[in-house]
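Each of the next two complexes has subunit A plus one more chain, namely subunit B in the first and subunit C in the second.
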Partner chain A sequence: MSEIRRLIRPVPILLALVIFVAVPLGLAQFGKGYFFQIANLVLIFALLAASLHLVAGVAGLLHLGHAAFYGIGAYVAALLGTELKLGFLWGLPAGGLAAAVLALIVALPTMRLVSIYFAVATLAIGQMIHTVLLNWVSLTKGPNGVLLFSGIKLFGWAAKTPVAIYFVVAVVVAASIFAIHRLGHSYYGNALRSLREDDQCADAMGIDTVRLKIEVFTLSAFFAGIAGALWAYTTGYVSPTDFNFSNSILVLAMVVVGGLGSLPGAIIGAFLLILLPEVLRGFGDVRNVLVGLVMFFSILFLPKGLFGEVSALTFVRRHFGRSQNRVPGGEVGW
Partner chain B sequence: MFDPYYLQQLAIGLSQGVIYALMAIGFTLIFGVLNVVNFAHGEIYTLGAFVGLLVITALAPPLLVVVLVVAAVGAAFGVGLERIAFKPFRRFSDEASLKSRAMRESTLMSSLAVSIVAREGLELAFGSQMQTLPFDQLINKPIALGPITIVTGDVIIFAVAAVMLIGLQWLLTRTRVGLAIRAVSANPLGAKYVGIDTDRTIILTFAIGSMMGAAAGVLVGLYYGAIFPAMGFVPGIKAFVAMVMGGLSSIPGAVICALLLGLSEGLATTFISSNWADMVAYGFLIVTLIFFPQGLFGAGRERV
Partner chain C sequence: MTLIRRTFIGLALAAPVLFVASADAADAIRLGYQLPLTGNTAQYGQDFKTAAEIALDRFNASGRLPVKVEIVYEDSRSDAKEGVAIARKFVDDEKIVGVLGDFTSGVSIAAAQVYKEAGMPQLSQTASHPDFTKISEWQFRNITTQAGEGPYNANWILSKGYKKVAVIAEQTDWGQSVVQYFAAELAAKGGTVVFTEFFNRGLPDFRALITKIQRDKPDAIYTGFFYEDGANFLKQAKQLGVTTPIFSTSAAHNQKIVELAGADAEGLSLTTNFLPNSPRPEVKNFVDAWVKARGAEPGQFPAQAFDAVNIMLDAVVKTYPKTTRASVREALAATKDFPGVTGLTTFDANREPQKQLSKARVIGGQFTAVSE
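Up next, the complex of A and B:
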């Protein structure tokens, strides 16, 4: 009985049902490609927020240049597609890996910094990458951006309809978020939390904090690069303005509004801050003000976020973790 | 051998640096006391410029009056900003929450949210296009100075920055108010225990810092002749960079680094291209952070 209950966990199944059945069915009712565009955008930003959650929430490092790595992924995927005619299957991992490699290179000298110095360093790195994207005209076409006409093709199957594209995005995002979730709730994730709580203490206990920081920064950039590649393939157009400082801040706002340190919170934050401007489209120009106000009041009245880490942890423990229904002889939960 | 062209570029870079310095002074003052980064400082600067536009179009008073009015309005904005974005997060005044990262990040995000609201509100009211200021009020009459040419604005901005810096140093080191500010900056809880009204000191700091930010905004607006709602962003980032390079809490350090930044950007514009000038500033920042992690003027100094 308990074995069965262990296998059938309601929340992941429910989430999968919503993402893969309910949303496409519901959107197909409206029959407009536009709604699928929004759904893709929400999923991509959910992945972005989840990847930033790994650095900002779990490891507690204030990262102000995340959009730049997202941009690297998008540009690498788009340029591979247009210049070298390599398809989605190459562009997706290449985007992630390029972002990760770049993150590793910039992380090696800068990850010894702490607190506000770290934040400023990431801000500078993000701005530098943005400047390069904007001004290396011979490669990135500068402010004009890159148009990517080749759609998503997988092993001879081309995702042409909005539903098919949505499914590709949803699968990639779900798999990546699952990976981030497992990573966050492992011993490795706990080591990262120790960085956040007290990095000097963690150092004294034998945790190599600098190495951990470099690793988590690189990993997070990898997932941001994946999100960037998805963005390039779903919109078919990348330009430097999509990857500027205000986008880094937008992603950070998602993580903070949702609750620093909680993965469900980050995803909820992404849903809220992407869908809100769309829902408020009827309000015309006032909507950006309203988004700012929502951000402000959610910080003011919910300082721990909509779905803070502690409630997120009990939630996760109940539905995902094994620590509560531990089997004799089984491994200790996370 | 030494081309006057380069001297001219140096002068342009220096005047750019003075503009950054003007911004960095208020930024550093607020950071030094509250230990939080005030992301809304750039918007105070923009608001200052727009208030200046309104005052000039309505009354067309002399420059000094414009600057004084804008500074007063800026101080009011600063107090308002403190009230809505910072005060609610000072409910807990014990040492742990004063130092906690969550508190610091929540004020960072709340000031950011306020800045978004302010910027979008301005775009709603004025549109995101450039607004031109009346031509006869601009401060860009050229002055020939040997082989190079500067404009009146350079002199005025330099003078204002110098007055601000010296006045602030005097205020901080010679007056009781300054003493209170420095005490709160060194240890908020300790300051409270010896009977300093920390709330009032913080509000005062915001008022002074924002006054300077708003005055900087109107001067720069008059210097370039055009203002727009997003104008505070780039100088805000540069002031941030200068503040960090200067060691976060040293105002003279921030000013010197702002001048260095402006100069290096001017040189980069001359020798590479203006598009890549930003790279130099950020590169400087990274190099500073790696080799002088305390900033160029930070270590071994009293805070503020």
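Up next, the complex of A and C:
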């Protein structure tokens, strides 16, 4: 029985069917670029929220500068495309790696900070990167932004139609989120959770907390950079305002509304906070107030998030877990 | 499991699908207007909406077309994410034959990628980024860029006998162009820029900057700011005893700068192509309608928006009944000497507006035309 369950997992298959078959088919029925645009945006922000979830949720570090690493990825991809004529296949990994390298450099001195001091340090990092993007005119073109005309090309095939672009975004995002899932839902994730709960205790248990923090911060920046490269290639234009403090807060709000420490929660949060302002367009000028109210009430009534960590872990264990250590009646391990 | 179920119920309740479809006449011609109606730059978007409503009401009342024209307004919050989504939405709506907006160059350019690909004429009232109209043949703007205004101001300043000029501008794409075009002309005509610095928008304290300017003892100060920063700068400059004449661009032409800075705005010189106290009948009509709606006089930007909407409507009239996106683009490109409240407008081969500039100065709390 358990052998069969391990081989055929209905929920992941269902999810894959929804993302790669139902959504594109459904959206193609409408034949509208608008829905694909929103779908791409939702996916990109789902990846951003998932990457921040690693740091803010799993490791419990309040990170206020995430949008800056998203910006680094976008700028590196866009500048490689325009200045060096290196296409999507170079820009995507390079965006992620550049963000990761920068994160590693800034993490080395700052990751010994805890709680509010860490938050302020990441706030400062975010602001510094944003200011550099804005003011280093000779490299980043400053406030003029970078126009990227080349579009997505893969081995001679150009993704031109909305469906094709959607598929590229969906594959990259799904693969990245799968990696984040394996990182967070594993003994590695457990170690991160332990340093969130009590870092001194974790230290005493032999976990190198500083090293772990540096690693998770770097990994998180890598995926943010990937999201940035996707944004650059789907929009064709990047400018510093897209990566300012309010975008960091938007992504953080997604993680918190969805449920701190919960990967499905972070993704649901991204869905909600991207879709809601679009769906509420009919309400005119008050729509932002309505979005705020939804956030307010969801935090008020579901303080653990729309899909809280505990239920998310149970859900993931049951439907995605490795369950190699499963004993009758118990749900230990992954 | 209950938690999951609750989550889904909550999501379903929180997101009522409300695509409000307008049930207007089937044969109405539709235009899109993307603009920031909320967020940090909402004051500008709200101004554009009022200007567009005035223009549209007039147009539909005039009976120039047998069918009604309607404008769909979409709020972009000056956010590129939303701007691009709106652009897709407008492109999907087959009835929309032309789009106005956005406000900032950044969002206008991001949206322009979509309009370029789909073939939708886009006319921004304010996007002044040098590359905006270079994106494709579908992009137009109704704002004189600094390529025209900068040299005009440089010559004005030189004609007053000022040789040494300090230049400050906000750190935006627009601010960059303010400095670039002004400095090039000034240097070419024998003047010198003795000081250049960019400040971030919303800077509360200009005193350090002003002190640095004073150190270089310029004959005049040339500024690229909007009214909020402008009012702060002018007040603090007066507090520090600066008597150097201050020049600015049409972006600072807004009655609010006088309201905010009071007597300290006195003597500010700037270029403009719209003066609300002009005796021309079209200006008077617009200003009267604006005062009725808003209770104060309109500035430069609402006037540009009003003209942009009218230029677009004019293009629709010219193409009717064969109004398509392509034909509207052709008609826009052929716009010549359009009589608007900002003077005569002609689009050149690069879809840049050619307008006459004039000089104005704040005298007695009013922007007053000067000839010098």
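To be clear about the criterion, the second predicted complex is superposed on the first by the 321 of 334 C-alpha atoms of A that agree within 3 Å, B and C clash if a C-alpha of one lies under 4 Å from a C-alpha of the other, contacts with A are read in each partner's own complex, and residues count from 1 in each chain.
The rule we apply is simple: a contact is a pair of C-beta atoms (placed from the backbone, for glycine too) under 8 Å apart; a residue touches a chain by one contact, two chains touch by 3 or more.
From a predicted model like this one, the values you see are computed outputs, not experimental measurements.
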Legend entry - Touching partner for A:Pro143 - first (subunit B), second (subunit C), both, neither: second
Inset, instruction - May I ask you to decide whether A:Leu302 touches subunit B, subunit C, both, or neither, giving the answer as first, second, both or neither? - result: second
Legend entry - subunit B versus subunit C as contact partner of A:Val23, first or second or both or neither: neither
Inset, instruction - Using the superposition on chain A described above, determine whether A:Asn288 touches subunit B (first), subunit C (second), both, or neither. - result: both
Legend entry - Touched partner set for A:Tyr117, first subunit B, second subunit C, both or neither: first
Inset, instruction - Using the touch definition from the top, say if A:Ser239 reaches subunit B (first), subunit C (second), both or neither. - result: second
Inset, instruction - Applying the touch criterion given at the start, work out whether A:Leu192 contacts subunit B, subunit C, both or neither, answering first, second, both or neither. - result: neither
Inset, instruction - Report for A:Asn135: first if it touches subunit B alone, second if subunit C alone, otherwise both or neither. - result: both
Inset, instruction - Across the two complexes, find the residues of subunit A that touch subunit B and also touch subunit C. - result: 134-135, 285, 288
Inset, instruction - Over in the complex, which subunit A residues touch subunit B? Could you list them? - result: 60, 62, 109-110, 112-113, 115-117, 119-121, 123-125, 127-128, 131-132, 134-135, 196, 245, 249, 252-253, 256, 260, 285-286, 288-289, 291-293, 295-296, 299-300, 303
Inset, instruction - Provide the residue numbers of subunit A that touch subunit C in the complex, in ascending order. - result: 32-34, 36-38, 41, 134-135, 137, 142-145, 147, 235-237, 239, 241-242, 268, 271-272, 274-285, 287-288, 294, 298, 302, 306-308, 311, 315
Inset, instruction - Within their complex, state which residues of subunit B touch subunit A. - result: 37, 85, 88-89, 101-102, 105-106, 108-110, 112-114, 116-117, 120-121, 123-124, 233, 237, 240-241, 244, 248, 273, 275-276, 278-279, 282-283, 285-286, 289-290, 293
Inset, instruction - Could you please specify the touching residues of subunit C with respect to subunit A in the complex? - result: 3-4, 6-7, 10-11, 14-20, 37-39, 74-75, 77-82, 84-85, 88-89, 91-92, 104, 106, 109-110, 113-114, 118, 129-131, 135, 171-176, 198, 200
